[in-house]
Every structure is written in structure tokens, then in C-alpha cells.
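The first chain written gets the first letter, and so on, giving A, B, C, D, E and F; residue counts start at 1 in each chain.
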Amino acid sequence: MSDKVKRFKKEREELNQMVLARDNIDIKRFFALDNAVYRDGALNAKTKELLGLATSLVLRCDDCITYHVIRAREIGATDAEFDEVMAIGMVVGGSITIPHVRRAEQLWKEMED
Amino acid sequence: MSDKVKRFKKEREELNQMVLARDNIDIKRFFALDNAVYRDGALNAKTKELLGLATSLVLRCDDCITYHVIRAREIGATDAEFDEVMAIGMVVGGSITIPHVRRAEQLWKEMED
Amino acid sequence: MSDKVKRFKKEREELNQMVLARDNIDIKRFFALDNAVYRDGALNAKTKELLGLATSLVLRCDDCITYHVIRAREIGATDAEFDEVMAIGMVVGGSITIPHVRRAEQLWKEMED
Amino acid sequence: MSDKVKRFKKEREELNQMVLARDNIDIKRFFALDNAVYRDGALNAKTKELLGLATSLVLRCDDCITYHVIRAREIGATDAEFDEVMAIGMVVGGSITIPHVRRAEQLWKEMED
Amino acid sequence: MSDKVKRFKKEREELNQMVLARDNIDIKRFFALDNAVYRDGALNAKTKELLGLATSLVLRCDDCITYHVIRAREIGATDAEFDEVMAIGMVVGGSITIPHVRRAEQLWKEMED
Amino acid sequence: MSDKVKRFKKEREELNQMVLARDNIDIKRFFALDNAVYRDGALNAKTKELLGLATSLVLRCDDCITYHVIRAREIGATDAEFDEVMAIGMVVGGSITIPHVRRAEQLWKEMED
């Protein structure tokens, strides 16, 4: 696991803990729900991660994209599958997604090396 | 095929022909590309339709959602798979997607009947 | 209560029931959470409805705006408070919110009459 | 001028008057500013209408698109210029703009006939 | 006042001056209007800052969020009020707002310390 | 050409090559189309760059804005033309575009010096 990925995971975890430590039940419920929807079900976890990745891409949320790129790699998505998700996101969301595609492909490649 | 679905397909096709009849090569290329990305590849066509559906949902494009709901049904997505895509889109995109989820579920049900 | 408002509430309720009747636990949890966040708390319910209205306006979700306009009226927001929410939403979200402001003001006025 | 265009203009004008009749100075200032930015300046009014059209398209605001399509026609934009704006908007904003492009091209054609 | 907040305010002020120094009357009018809408009125300034914060959150504008977090603290919003705004924004805008919620909560906490 | 601009162009070019080196034909076609729409046509290249800039601004894509600011300067847009595009984008897209306007104006000025 690259340093970049480790740092991302660590910072994300620390900030999540900080948010969850606050006394707001609705925020906690949302965080729980956000984990639940990506679990194996009628669709398997890999397909769900790709759905998370594609939706994050068209909504252009870099942190969300980074998270789902990491998860998609860990769960066994292939290069061609990853690129096809990028292609669909790019066509659906337009050229404004390209900077995010560049960064996603860069991270994908770094994790391979 | 319900009347609603038939009408949607007919109107979509007619307007697409009108747009393609215009003399702009870039618009034609975009339309061709928009068809190409959903074809079977490393990911199968069903998964790609679900990616198209989820991205359309979070971007809240009713016509796009209608199109991908119809395609997802035709290509054999199950009730549970469809609902899981709705759930992911709803969590990623928030409560503002709910009116679109309502209409998508309504169309899904109508096509079943 | 105007016919338009009654129809909106009835259709919304019927579609919500249809969605909730489906067998997806995450969708149900999201719907429950969506109700919970607008309840009286540190901020009172009226302020929360205005927050729901302003966020719906800048995200340009007509159904969401209609819902929060009705709720804001029922819960006792005044004309001036309503207009100030519209003004903030318009400045934050830009001229693309204007068609939604027009429809929101129209509904607000109809409910008054 | 087609009936559709007349109706659109009339309804828009009536609702604008209703909004302006309300007692909120900031909303009035925003409406004034919204008119001012499209006036002849360093860029001529036609170019500004095309900028208004392109931005409305990528933000997918149907009422805004209709307004700028009408204005662009009135101010003398040609078929090829119009199509090129549609092409740029489509590439920048992605396939989710296509339903709006269809409707814009349909209105453009109706105004020609 | 933390160094981070001081730096943010200083840079924001300098860039605002640079933009206002340019010779465009419409940009100046927009900046003036952007200040005006948050002033005490039918709704008090605190409520308006919370509306500014919630709309900035769902539109995922980090600079805007930072600005309104600082203003909300200065104007006396409590921890529980702040968290409830975050919760509403998160439910309305979905999980793509979470990275912004993390950063907003982090800044809120830093200002407390 | 400033160091900042050189660095931006170099990194953009390197990442584009990395993306194009991947084996996905649809991504390549999208990149080609993204170049094609800004070429001289019924509208000249300068007008098209301004359309690219305005749409990037309202969609708040910093990398896209940077790219079109550089291109607009290189192709001979004047200060007043640039500011008018900023003003239209700001009015259409709202105060959430202001942080991007600040950065765009800053880059525009740096390129002048």
C-alpha cells in the first residue's frame, strides 16, 4: 500500500472519528447507512464499489473518488473494468470530469506499481 | 410494453433524428460515443446500464433515468438489483434524489405489470 | 388548503408508500432519517424547514421546494422570512434558481389566498 | 412568433411582476443585475446571449435555456452558431445535457418555421 | 483567532480587493448584494449565516463553507446548532457532502480550542 | 509565460498522455471530441474559448477554468471581455462561483505581469 493511500486512509479515519464523537444521532445514522449500501447483496460488493465510483466521478467529489478507487482495487476490479467506469462517467458527466479522471487514473496506476 | 414507454421511445427517437439531421459533426460524434460506452466489454451491458442509471439518478436527469430504467428492465435486471441501485444513488446524492427515485420506482413497477 | 397542495400531498404520500413497500432496508432507513433531521432540536422546526427550503432551492429540486414551501407555511413562517430565504438562495445559487423562485413565490401566494 | 413562445414570454413576465411586487429589495437588485449583464459591452449582446445559453445548458435549467434560445434567435444567431453552442455545452456538460439539447433544438426549429 | 482563520480572512480580503479594483460594475454590484443578504432582517443574522452555511455545504463550495463556519462561530451559533445544520446538509446533499462536513467540523473544533 | 502556467501545462499534458496510453477507445474518442469543439467554425475560436470558460466557471471546475483562462489570454481576449465573462458566470451561477472568480482573476493578472 502506497504512502499516499495510507495517509488518505489515516486522515479519513481520524476525521470520521472526530465527526462521530460529536453528539448528533442523525449524522451517526447517515454514516452507518453510508457503509451499509456498499455491502454484498443482490449486487455484489465489487459492482457496488463501481457504482460508488461512477456516481462520485459525475458529482466530481475527489475524496469520494479516491476512496472508491482504493476500494475498487482492493476488491479486485481489473484495469479494463476501471477504465470502462471512467469512460461512462466521462460521457455522462462531460469534460468537466476529465481532471478527476486524470487524478483517478494516476492513483489507480500508483497502486498497481 | 406500456403506452408510456412506447411514447417515450418514439418521442426520444424522433427528437434524436431531428438533432442528428442538423449539420454538426461534433454532436453526431457525441451521440455515437454515448451509445458506444454502454456496450458489452470488460463489464457486461447490464452492469453498464446500472452505472448509467445510478449516475443519471445522482445527476437528477429524469429523461436519462427513464431511459436507463427501461433498458435495465429489458436487459434483465431484477427487482432487488434495481432497488440497490436506487439506495446507493439516494445515499450518494441525498434526499433531493427522492422525487426521482419515486418516479423511477413507479415506472419500474408499471413495466412489471 | 388548496387543491394543488392536496393533490401534491396525496401523490407524494402514495408514491412514498409504494417505495417503502419494496423490500430494501437502506431506502427505508434513508426515508426515516429524512424525516428525523427536520424535528425540533437545538434549532426549532421552523428554522429547519427554512434550511430545507434554501438547500432545495439552490439544488433546484422543484418537488423538494414545493414540500418545504408547504411546510414553512404550515409551521408559521412569515412573508418577509420566506422572501429572505428566497433572496439568499438566489444570491448563493444564481439566476438559474429564478424559475424555481417564481414557482415557489406563486405557490406561497396561492396558499395565502 | 409562435404561440408557445408567446405563452412562455407572457407567463414569465407575469411571474416576474409578481416576484418584483413583493417587498424584498435584494430580490429586486438581483433581477436588475440579471438584466444588466447581457447588455452590449466589450462583448456584444449576441455573444452574451450565447454565453447565457451555454451556461444554462450545462446547468440544465430548461426555463433559462428556453429564454436564451428565444433571445439568441431574436438577436440574429445563425443555425450553425446555435449548433456549435449546443456542441460545446454537450461536451462540457455530458450526456445528461442531451434531453435539454433535444428540447432546445426543437424550439429553435419551431421558431424558424 | 487561529492562524488558519487569519490567513483565510487575509487572502480572501486581498483577492476581493483585487477583483473589485477591476473596472466591471456588475461584479461590484454582485459583491455588494452578496453582503446585503446576510444582514439582520425578518430573519436574524445568525439564522442567515446558517442558511449560507447549509446552502454552501450542499453545493460543496469549500471556501464558502469556511467563510460561513467562521461567521457562524463569531455570531454565536452553538455546537448543537452547528451539528444540526451539518446533519440537514448531509441528508439533503448526500454522502458526497461528507468530505466537506469533515473539514467543516475540523475547523469548527479548531476555532473552539 | 509564468512558471505556474508552465507547470500547469506540463502536468496536464503528462496526465493526458497517461490516460490516452490506456487501452480504452471511448476515452480517446472523448478526448478528441473535447479538442474538436473549440476549433474555429461558425463561431471563432476566441468566442468558443469564452464559452468554455463561462461553462467551466458555472460548473466550478478549477482545472477547466485555469485551462480556458490561459487559452483565452493566448488567443487575445481583452481585460474587459474577460471580466464580462466572469460577471455573466457569477450572475448565472451565484456566489458559490466567487472563489473561482477570485482565482481566475488572479491568474489572469499574473499572466499579464
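Brief remarks follow.
Methods note: a contact is a pair of C-beta atoms (placed from the backbone, for glycine too) under 8 Å apart; a residue touches a chain by one contact, two chains touch by 3 or more.
A quick note: this is a predicted structure, and the numbers were derived from the prediction, not measured.
Shared contact partners of chain B and chain C comprise A, D, E, F. One of C-D, B-F or D-F repeats the interface of B-C: more than half of the contact pairs, counted by residue number, are shared by C-D.
Centroid distances built from C-alpha atoms place E farthest away from chain B. Each chain gets a centre from the mean of its Cα atoms; for chain D and chain E, those two points are 31 Å apart. One simple way to say how far apart two chains are is to compare their mean CA positions; for chain B and chain E this gives 37 Å.
Computed from the mean C-alpha positions, the centre of chain E lies at a distance of 27 Å from the centre of chain F. Across the assembly, chain A contributes 26, 30, 33-34, 37, 56, 58-59, 64, 80, 83-84, 87, 90-93, 95-96 as residues in contact with two or more other chains.
Residues of chain C touching chain E in their complex: 33-34, 37-38, 41-43, 47-48, 50-52, 54-59, 64, 78, 80-81, 83-85, 87-89, 91-93. By the touch criterion stated above, chain F contacts chain E in their complex at residues 60, 79-80, 83-84, 86-87, 90-91, 95-96, 98-99, 101-103, 105-106, 109.
The residues of chain F lying in touch with chain A in their complex are 12, 15-16, 18-19, 22-24, 26-27, 30-31, 34, 56, 59, 61-64. Residues 58, 90-97 of chain A are the ones touching chain D in the complex.
Contact residues on chain F toward chain B in their complex (touch as defined above): 25-26, 29-30, 33, 36-37.
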